[in-house]
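Pasting the structures in now, so scroll down.
Shared chain: chain A. Partners: chain B in the first complex, chain C in the second.
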Partner chain A sequence: MISQLQTYLSYPFVRYALITGILIALCSSLLGVTLVLKRFSFIGDGLSHVAFGAIAIASALDIRSNMYIVLPITILAAVLLLRGSKQKLLKGDAAIAVISVSALALGYLILNIWPSSSNITGDVCTTLFGSTSILTLSKSEVGLSIVLSLAVVLLYVFCYHKIFAVTFDEDFAKACGTNTEAYDTLIAVVIAVIIVLAMKLVGSLLISALIIFPALSAMRLFKSFKAVTVFSVIFALVFTTLGLLAAILIGTPVGSTIVAADILGFLLCVLGGKIL
Partner chain B sequence: MNILSTTDLLPGYHQAVLPEALSFTVQEKEYWCILGENGAGKSTLLKTLLGLQRPLSGKVTLNTKGIGYLPQQTPIQMDFPASVKEVVLSGCQARQKGFAYRKEEKDRADAAIQKLGLNDLQKRCFRELSGGQQQRVLLARALCAADRLLLVDEPVAGLDPKVSEELYELLNSLHQEGMTILMVTHDLNALKYCDHVLQLGQEIFAGKKEDYLHSTAGQRYTEAHV
Partner chain C sequence: MKKLFMILLLLLSACSANSSAVSSEEEKVFTDVQNVVTVTEAPAETAVPEETPLPEKIDLSSMSATICYSTVFDMLVDPQKYEGMQIKVRGPLAARTDAEGKDHYACIVQDATACCAQGLEFVLSEAKELPELGTEITIEGTFTSFTENNAIYILLKDAVMN
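Let's look at the complex of A and B:
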């Protein structure tokens, strides 16, 4: 098995997949804690459907690097969703439901009316579940993913204390003069970036798993924000690597294997939490 | 010296919550209770004083750097994993420069922790503490944010009488040390410690406690709430 792994690792596309996959999982886990605590877990879900719609548009327009279309649309949707739920235009979860089903339906419609390839079902399946798209990344996509992931990590480290303050008590933070709206917008933009990145790894239907499992698992075991954040990252590193390697070795779909590994990890943490 | 004052302040969101504009002045080292029925506009006034909400008209003048705010607890905090130390330290967020807290901010948080007797609890998880302990942690956080003025929102909501009394004593000792306090409350026991009263509602009163207790507004309110 180890020699088999070594053979696989000698292929550059497998190494690219591992590096990008792990970086993406790391970013998702960082923001997961804040999203879960702010009751925003489903924003990730809603946004990934928006991203699906955006991909459909990009493919209908026959644009190769769809990242340049998908990213701005998803960021816009993220900002609107966060703002909208603040101003109570639409109740948070209802707004998300409306946006996500609309994007999903219209996206599929667009893909069928203006098909870009003969295999629509295959395209849709890849976009929704990731299947093997992480293994088919081009060099420029790998580069972009690495740059964006590093940017997310740096931003998070730099704003760590403020993110804590804004998540724990928004009113108090605001009374202290912290610009909470700017931080909320920042969080929304970062979520959108992560989702567009993570679609490559697990597909749009499974993104929430990358965001919530590390955070929920860490919250079972640890009691300070710092420990929870650090453990989320470790959790993401370990179980994404396991899932990716298992997928490559057994030949199962990458996205669902990673999520299966996350589920396993979550169950272990639940068990650990009960014992401790 | 006046520390906080309002001129013709009309707090509200789309529509005014008070029957008339409010002008009052809080001098340094005073202890005010802000009384009123539910819906009398207490929390709207509080948000306006803190600058969380813009008034419909008039203005708030603040003569000190920062207000130490003790808010009511939010549902998020019920399952938030945060240590006592982390919560208290977040009171220094306005002082923070760069991306980490510096030694002076950490010292400040330590001093607040000592002062409120939270030393043994500082590694504990905030959500696992009792209601009274949680209020003390949030009070320590407020002390990190400001030296001279505290704004306290319903501090004893949900606490049993003994713990409530302890919290009042604690606030009182801070007042004795020179802290100016504004407390929103509907608990008349709090009147024991304050020296000024602001009553909101159909009848508005702002002034010394003795005058309030002898005023018709004060007598009507206290009789209705005994």
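Let's look at the complex of A and C:
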């Protein structure tokens, strides 16, 4: 198995997949803590469905590099969802549900009416479940993923205290002079970027796992915000790597194998929380 | 948090980024059993950075479905990297007749979920009766690519069927 893994690692696309996958998991886990605490765990699902709809539009328009369509649309949806949650018309999970199912249904409709390839089922399946998407990245996609991931990490590190304040007590942070609307918008944009990147790793339907499991697992063991954040990052790195390597060696779909590894990690943390 | 991050940055400051030029390519894969010729449009620009050399012989039949599919995908994206290599592949036999009435045969490679498939066309070194379409075959041949009507095609030439 070790020699087989060494052989696989000689292929550049496998190394790209590991690097990109680890960076995506890192970013997802960082923002996951904030999202879980703000009760926005399912926003990843909603935004990924919006991204799926955007991919469908890009395919119908025969746009080769769909990031230029997907990123702006997903960012717009994220801002509308997170900032619009304060409005009375459509709040929280209802807003996510409306946007999510609409984008998914319309996206699939567009792909069927204006197909970009003869294998619609395969394209949809790959986008939704991320079977081998992470192993078929072009060099430009890898470069973009690295740049965006590093930007997210730097942003989080340098805005850590503000994000902490906005997460736990937005009203108090506002009273202290923090521009909470700006930070809400910033968090929305960052989440959208992470979702678009994470779709390559686990697909649209499983993105929430990357966001939720690291944070929830960390909360089983630690109580402080910093400890939860640090542990969720370690959790994400370890179990994403394990899932990716298992999928490569055993020959299972990458997305669902990573999520299965996350579930295992979560159960271990629940057990650990009860014992400790 | 900032201090910890700055310390980590200093420790890792020896890393260098790979900023090679990128090429934009688009692949269209026909996964229907009757359409197995894989087509890649000619890339706008190509740049091959220095990478670990691949082995001279690649046995796709011993790889996991995930890596096998990804490798064939990589062959479509960057065929020059695999030029001249001995490739062994196993999968169902598929065939297609082109507009000029010529038959093309391929070995189908599927991903882990079997919802995506690609065909690796082959040309046998000696004329041989082929089994029924859909039969699992093992093909070993020399990888080559060629351009026709501004599209890149890949196939295994001088192939032997086991």
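Everything below uses one rule, namely that the second predicted complex is superposed on the first by the 276 of 276 C-alpha atoms of A that agree within 3 Å, B and C clash if a C-alpha of one lies under 4 Å from a C-alpha of the other, contacts with A are read in each partner's own complex, and residues count from 1 in each chain.
The rule we apply is simple: a residue touches a chain if its C-beta (ideal position, glycine included) is under 8 Å from a C-beta of that chain, and two chains touch if they have at least 3 such contacts.
Because the structure is a prediction, the values reported are computed rather than measured.
Room for both chain B and chain C is found when the two structures are superposed via chain A, with no clash between them. In the superposition on chain A, A:39 contacts chain B only, with no contact to chain C. Once the two complexes are laid over each other on the shared chain, residue contacts for A:224 go to chain B alone; chain C is not touched.
Using the contact criterion defined above for the overlaid structures, shared-chain residue A:235 touches neither chain B nor chain C, since it reaches no partner. In the superposed model, A:157 makes contact with both chain B and chain C.
Across the overlaid pair of complexes, the angle with its corner at the CA centre of chain A and arms to chain B and chain C is 170°, in steps of 10. By the document's definition of touching, of the two partners only chain B reaches A:168; chain C does not.
When the two structures are aligned on the shared chain, A:12 is found in touch with chain C, with no touch to chain B. When the two complexes are overlaid on their common chain A, residue A:125 makes contact with chain C while staying clear of chain B. Closest C-alpha contact of chain B with chain C, superposed model: 6 Å. According to the touch criterion, the shared surface of chain A, contacted by chain B in one complex and chain C in the other, consists of residues 157-158, 160, 226.
Residues 1-2, 5, 17, 19-20, 22-26, 28-32, 35, 51-52, 54-55, 63-71, 73-74, 77, 111-113, 115-117 of chain C touch chain A in their complex. On chain B, the positions that touch chain A within their shared complex are 47, 50-52, 66-67, 69, 71, 74, 76-77, 79-83, 85-87, 89-91, 93-94, 96, 99-101, 123-125, 128, 141, 145.
Of all residues in chain A, only 7-8, 10-14, 64-65, 117-119, 121-122, 125-126, 129, 131-132, 135-136, 138-140, 143, 146, 157-158, 160, 226, 247-254 touch chain C in the complex they form.
Taken together, the chain A residues at the contact with chain B in this complex read 37-39, 157-162, 164-165, 167-169, 171-178, 218-219, 222-228.
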